[in-house]
Amino acid sequence: MAASAIIVRLQSETFDPGAESNAFLSGTEAAGAAVTFTGLVRSTPDNPILSMTLEHYPALAQSQLEKISKQAFERFSLIKLTTIHRYGTLAPGEPIVQVMTLAGHRKAAFEGAQFLMDYLKTGAPFWKKERSATGENWVAAKTADDSAKERWE
Amino acid sequence: MAASAIIVRLQSETFDPGAESNAFLSGTEAAGAAVTFTGLVRSTPDNPILSMTLEHYPALAQSQLEKISKQAFERFSLIKLTTIHRYGTLAPGEPIVQVMTLAGHRKAAFEGAQFLMDYLKTGAPFWKKERSATGENWVAAKTADDSAKERWE
Amino acid sequence: MKILYFAWLRERLNRNDEEVNPPQQVKTVAQLMDWLSENDEAFEMAFSDRSLIKTALDEEIVEHDTELGNAGTLAFFPPMTGG
Amino acid sequence: MKILYFAWLRERLNRNDEEVNPPQQVKTVAQLMDWLSENDEAFEMAFSDRSLIKTALDEEIVEHDTELGNAGTLAFFPPMTGG
């Protein structure tokens, strides 16, 4: 339960989702359940995009990622938690964010990851701009994200 | 949304959790969210085990895994779903089960994986026997698993 | 009809499977359990708490009041612990 | 005091950051937004729907009625879209 069981990485470089999961899972005999959530840059036929740029507020992003990660870790008695969040310009299909939780049982692992994602959506200072063939636009915050967070209050 | 978007594997051999996640994630530009749940053989100081043996009813296990996977896929409008479940004798730390979901948004990806795990716990014909220094015993079904399932009814 | 046993039921009854020929008046899963228990104390013990006995008829999970019909295989097993 | 701007606020105001010296009667975040709007139409436009303006004072997210105190940095940004 040491604080070192929480890792937060804010980076522009891409990462390998599966390699990160395997590193996270190694040496974990006391854990029965692991959940990995990966958020990806999405391009659909209805909204085809060329790239997505994540602007962020560096100092606040780091401290908010750490604060929310600590809240999830403690609330769900997790064994281990890692949060990776990228910034900069990303292509469709690239990973934006990955959250990994390790717990004794599945309920805590699932809920820890969900809680963290729900809080990141509205509490981490990132702003997404999508570039498509027709121009650029800032992705609006969703009211669904506010209500997802309310579930935990 | 083709049925081929659902893969079910029942196997005694181990698997590489991260390599499976990466294979699952490849070529998925229309997806914004992926969840991987990995269930592991757990050995704790309170309940140290040497190994776990999963007995199963082969024909029924295959059909139940397929049935539950299809239910999750349809109910949460998933883009892709893979379920891997092992049988035989496993060492502590080894993966028992892995469920991967891919969806447009995070809520469906999380809930699809959770639904599937909740239904597998009580609906897939596997029985776990733990071997410890003091003997062997069958793991009892948990009433918590019945109530986890009721949430979706 | 072929009967399959799994997990601690298999161990307690000391068999993986067997062929049985119940009399005509045995129509449901529950009646088959009664009939097996009448003839064998090991079954009586193993089936004493019926809430712990789950059944599948021709690879379909069924309740104890289900009719056997022309099914070829009946499986008895404890509550499942998958996942 | 240093002010930072992010995302579409940064674009509309055409600046990443700036130093400002508000008069003494400007005590809260909201009053600073009023004062900036008085002097510049671009700010008046950008700040017109205040529910879309989030703020952080010395790297701590705060409400509009928070007092500026001796803070060195104030950031203005749209609702966050992390994750």
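Residue numbering begins at 1 within each chain, and the chains themselves are lettered A, B, C and D in the order written.
We take it that a contact is a pair of C-beta atoms (placed from the backbone, for glycine too) under 8 Å apart; a residue touches a chain by one contact, two chains touch by 3 or more.
Note that this is a predicted model, so its numbers are computed, not measured.
Q: Looking at the contacts, which chains touch chain B and chain D alike?
A: Both-contact set = A.
Q: I'd like to verify one number: the distance from the centre of chain A to the centre of chain D, where each centre is the average of its C-alpha atoms, in whole angstrom.
A: About 27 Å separates the centre of chain A from that of chain D.
Q: Distance from the CA centroid of chain C to that of chain D, rounded to the nearest Å?
A: Going by mean C-alpha positions, chain C sits 73 Å from chain D.
Q: Cα centroid separation between chain A and chain C, in whole Å?
A: A distance of 49 Å separates the two centres.
Q: What whole-number Å value describes the gap between the mean CA coordinates of chain A and chain B?
A: Chain A and chain B have C-alpha centres separated by 22 Å.
Q: Hunt down the residues of chain A that sit against at least two other chains at once, touch-wise.
A: If we look for residues of chain A contacting two or more partner chains, we find 39, 106, 117.
Q: What are the residue numbers in chain D that touch two or more other chains?
A: 83
Q: Dump the list of chain pairs that touch, please.
A: A-B, A-D, B-C
Q: What residues of chain C sit close enough to touch chain B in their complex?
A: 4, 6-8, 10, 56, 59, 61, 75, 77-83
Q: Under the definition above, what is the set of chain B residues touching chain C in their complex?
A: Against chain C, chain B makes touches at 39, 55, 57, 59-61, 63-64, 85, 96-97, 117, 120-129, 138-141.
Q: Mind pulling up the chain B residues that touch chain A in the complex?
A: 16-22, 25, 27-45, 92-93, 104, 106-107, 109-110, 113-114, 117, 144, 148
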